[in-house]
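As structure tokens, here come the structures.
In what follows, chain A forms one complex with chain B and a second complex with chain C.
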Partner chain A sequence: MSDRLDLVLALADDELILGWRNSEWTGIAPFLEEDVAFSSIAQNEIGHARALYELAAREVGTDADALAFDRAPEEYRSAPLVELRRLEWARTIARHWLYETADAIRLEALKESDDSELAGIAAKIDREEVYHRIHAEMWIDRLLASDDARPRLDEALEELWPYALGVLDDNLRPELVRRVEEKLGRAMPDAEPVSRGQHEAELAELLEEMTMVRRSAPAGARW
Partner chain B sequence: MSAADNACVESTQAGLAGEVWRALAEILDPEIPVISIVDLGVVKDVRIEDETVYVEFTPTFMGCPALESMKAQMEDAIRALGAEPEVVVVLDDSWSTDRISPAGREKLRAAGFAPPAPRSAGTPTLIQLECGPFRCPWCGSTDTRLDNVFGPTPCRSLRYCNACRQPFEQFKTI
Partner chain C sequence: MIYEVFRRERQGAAMQHAGSIAAPDGRFAEIYAREQYGRRGESEALWLVAREAIEELDEFVDEFDLKYRRVDGYSIKERLKEARAAAGKNP
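Here is the complex of A and B:
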């Protein structure tokens, strides 16, 4: 696998799996605005995944659906952070903000890439991600301002911190530490990153559910 | 081929390109069927080579489910002109809401969607979305508030007008 393919699949898998996880809030978020927000964010992330899979598919001579749905669980390149399931609200917001902060750093780097195709897609994705970051930061500010919510958010951030570090490569990781510490106004603990390449048990369950229609109608489902 | 023949081919191609642009201007955004895809600025270029009409097309939001439908409608419209279509989807930074034409912005407003603010103000921020002078498409008041950054489709936010007490959809600036 080329480095480029590996990079594109890591990005695509992160967006697809997180898009799926975000969509799990559709209908059951704490209030209607968040039903709408998480559903819309999920739709964006899956749109980004599609574009990236199409790019990868051209390199390996297949199609986007085959990459999204037909690989074995161990072939996915997603970061364990996006695989975690059914988080309660504080952990959902913690993951959302940690992921969007890491993703912003990654996209900024890609926009500067010599690979014009990848730089173009990254720039287009980033225009949409601005709104995800606004939403995530609004929630962080809201939870930090509440005596009841702040300890729960802090606990969630501590728990997910090693996972957040695992989203980025070594060279970009210090910038994540800097941005997170700046926003929270405190130092984060040193932690061993939970890196890409290992998977949470919940991933297999997610793939089972996500690929059900695909497996039951390999020639294409008709509605 | 003589110079005269060349000129003739070029003028026929220019004629066909004009017809294609006019046909594409009849295709409405499936999700906001008051504005055409040309007014929306998503058709970047129409180019004719040999017998094929190449259309460069940039989606607004990448997860937009209307993308396939727009593509199919463009292909049908070009075939109806007796030409072979090739719609090329371009994914780069070249589309922004600034590409929506003035006529398109007015059509959005008339249909109750507040048109996007210009990008010149820079990358949108929460402060800007909460405090900016967003105008209600119903009564024209700027006494409006942000209800939700996200809305019924990726391209829209939800706002509320304190003056006429109506909710409205604000086209996001991207």
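Here is the complex of A and C:
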């Protein structure tokens, strides 16, 4: 696998899996407006995944669906952060913000890439991610300002921190630490990153559910 | 907080009331309005107004029955008929 393919699949898998995880809130988010907004963000992430899978598919001569649905769990390149099933709001917001912060750093680097196709798609994705970041930041600010919410958010951030570190490569990781610490106004603990390449047990369950229709109609489901 | 949302479908069109959203503050309202009334390309611009900033007027006095000023006006059918008869024409 080329480095480029590996990179594109890592991005695509992150967006697909997180899009799926975020969509688990559809219908049960804390209130209606948030339900609509969070579901819309999930759809955007899956849209980004599709664009990236199409790019990868051209390189390996297959199609986006095959890459999204037909690989074995161990072939996915997603970061363990996005695989966790955390149907609890403080953790969901903590993950959302940590991911968006890491993703912004990664996209900034990609936009400067010599690979114009990759730089172009990163710029396009980033124009939507701007709103995801605004959404994540406003939630973080609001929860940090509340005596009831702050300890719960802090606990979630501590728990997810090693996973967040695992989203980025060694060269970009220090920037994530800097941005997170700046926002929270405190030092984050030194932690061993939970890196890409290992998977959470929840991923296999998710893939089982996600590929159910596709497996039931190998020739392609039609509606 | 409740925010009233107005949207403009295309440039030059008038703003029309789209609906309302509940949001804890203006930042949340902005994101929620965008997602609810802008994500399908149905709006070219949105106005967001905190409901509490709206002044409502709901009393309109008409003690002397000046119904000719009302938008529904009054029927001229009967008068037209009389006028035609007086002029000796068949309707």
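The rule is short, and it goes like this: the second predicted complex is superposed on the first by the 222 of 223 C-alpha atoms of A that agree within 3 Å, B and C clash if a C-alpha of one lies under 4 Å from a C-alpha of the other, contacts with A are read in each partner's own complex, and residues count from 1 in each chain.
Here is the rule we use: a residue touches a chain if its C-beta (ideal position, glycine included) is under 8 Å from a C-beta of that chain, and two chains touch if they have at least 3 such contacts.
As the structure is a prediction and not an experimental result, all values here were calculated from the model.
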Exercise for review: Could you tell me whether chain B and chain C fit or clash when both sit on chain A in the superposition?
Suggested key: clash
Check your understanding: Of the partners chain B and chain C, which touch A:M138 in the superposed model: first, second, both, neither?
Key -> both
Review point. Which of the two partners, first being chain B and second being chain C, lies in contact with A:V130: first, second, both, or neither?
Key: first
Review point. Once the shared chain is lined up, is A:R91 touching chain B (first), chain C (second), both, or neither of them?
Key: neither
Review point. So, does A:R50 touch the first partner chain B, the second partner chain C, both, or neither?
Key: first
Revision key, fill the gap. Larger residue footprint on chain A, choosing between chain B and chain C, goes to B
Review point. So, does A:E33 touch the first partner chain B, the second partner chain C, both, or neither?
Key: both
Check your understanding: Common interface residues of chain A with chain B and chain C?
Key -> 33, 36-37, 40, 131, 134-135, 138
**Study point:** Complex interface listing, chain B residues touching chain A
**Key:** 61-64, 91-93, 95-96, 123-126, 129, 147-154, 158, 172, 174
Practice item. Could you please specify the touching residues of chain A with respect to chain B in the complex? Key: 33, 36-37, 39-41, 43-48, 50-51, 120-121, 123-125, 127-128, 130-131, 134-135, 137-138
Revision key, fill the gap. Note: in the complex, chain C contacts chain A through residues 21-25, 27-28, 30-32, 34-36, 39
Check your understanding: In their shared complex, at which residues does chain A touch chain C?
Key -> 31-34, 36-37, 40, 131, 134-135, 138, 141-142
